[in-house]
Amino acid sequence: MNHTPLGKCTWLIPDCYLPEHSDPDAPYVSHESVCVLNAGDADAHLELTFYFEDAEPSRAQAECPARRTRHIRLDALETDAGPLRRSVPYAALVRSDVPVVVQYSRLDASHPSVTLMTSIAYPI
Amino acid sequence: MNHTPLGKCTWLIPDCYLPEHSDPDAPYVSHESVCVLNAGDADAHLELTFYFEDAEPSRAQAECPARRTRHIRLDALETDAGPLRRSVPYAALVRSDVPVVVQYSRLDASHPSVTLMTSIAYPI
Amino acid sequence: MNHTPLGKCTWLIPDCYLPEHSDPDAPYVSHESVCVLNAGDADAHLELTFYFEDAEPSRAQAECPARRTRHIRLDALETDAGPLRRSVPYAALVRSDVPVVVQYSRLDASHPSVTLMTSIAYPI
Amino acid sequence: MNHTPLGKCTWLIPDCYLPEHSDPDAPYVSHESVCVLNAGDADAHLELTFYFEDAEPSRAQAECPARRTRHIRLDALETDAGPLRRSVPYAALVRSDVPVVVQYSRLDASHPSVTLMTSIAYPI
């Protein structure tokens, strides 16, 4: 099998937002995921930078092994400024040392009927 | 830290629509956001142009400071033709004087269970 | 004002589907829109081609005037094979004689709590 | 008619997830679709590769005839490792022997009010 690395090393996501609440009757808890696909044969070391409306950027590290996907839960991530704040607009930049593909998804469970949104991130 | 400007200076969003109503039992009010990520070291000055089915375009200004995100709420924006009309199809063009990345999201709260949609805008 | 045409002349949308039903308690009826933004100074003449799983393609015409948007409702469109069938997978190709930008959105109102999805179409 | 093949031969989808449950009162069952549009005059032979967080990739085959769309239901697909597991993050790579366009959509029917999300896949 040919496991050429596929994608780009830099990806941007302007619209991030972690809802404050999750309804106890919802089938999921509110969360955001930065989903990484590493189709190549080398592990990917990722640096995530988070941008805010009212503060300097913060950072976090993650990995996505070779021939694996990793769905990074932003509600569980520890940044150099602590956990990400909820109910504030923010944005994300993902840098990888090998080519990967990145997709962002949000599930809002503020109401028992959850709602989903997704987009492939913007590559550079 | 290297804060190279990332992205493009022109972004288009064909599907804008501000819902008329928000259900009083919904966890949010209906709104649209033009989310801008400015990863560079220079402030971004933005011109938004809005296109309609039945009228000439209108315009508005906004800013996104260096190393910040700005989630521009279209329901709160003042254009040179006043606030954006609700319940009519429209579209948006965003021009920036420095490279940025733009994502469009809509939350429709016409029903207590809100629904979300999002897409990275189209860059030129 | 400079009204350079912005975008591409060919756009593809693989995932189209017109839901059969709309709940009478929903705030909208189920529908799909092909949203066109024509930022230029020449009217856009559009040919839409629809692809199916079990039949040859059908076609329809539409227009988007200069400096206007047009949100084409697929549930209201007359093709050369009649109205589009509901509850079957289909796909769409949009060709324009001048550059435009195209976004596809679906609202499913099968349940009183509607759900939205959207994506910028794929440009060529 | 000119049926030039349109699109690319390689498409990636980082965020796949098959929900475990479907509410009996929902208008649909939970599912994911890989939607392929083949606008050309040659049949497309597709190889789908699925990536996981905790296992080596698995594979499946599919076809999309000339001038047709095919909405591949991932909940019904047989891979070389059996049906896709539910309630685990995974990702997909689609390779075609002729140019096509690929869009990914998910419908989550865990609650009676279903929610949709979609994105054009990432092309290479």
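Just so it is clear, A, B, C and D label the chains in written order, and each chain counts residues from 1 on its own.
Note that in this section a contact is a pair of C-beta atoms (placed from the backbone, for glycine too) under 8 Å apart; a residue touches a chain by one contact, two chains touch by 3 or more.
On a predicted model such as this, the values are computed, not experimentally measured, just so you know.
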Would you kindly state whether over half or under half of the residue numbers at the chain A/chain D interface are used by both copies, giving same or different?
different
Using only Cα atoms to place each chain's centre, name the chain farthest from chain D.
B
With chain centres defined as C-alpha means, what is the inter-centre distance between chain A and chain C in Å?
30
As a quick test, compute the distance in whole Å between the mean CA positions of chain C and chain D.
21
Specify, in ascending order, the residues of chain B that touch 2 or more different other chains.
112-113, 115-120
Among line, ring, star, complete and other, the chain contact graph is complete
Per the touch rule above, chain D residues touching chain A in the complex are 10, 12-15, 17, 21, 49, 51-54, 56-57, 89-91, 93, 106, 108, 110-113, 115-122, 124
Can you list the chain A residues touching chain C in their complex?
113, 115, 119
Help me check something: in the complex, which residues belonging to chain B touch chain A?
6-7, 26-28, 33, 35-39, 67-71, 101-103, 105, 112-120, 123
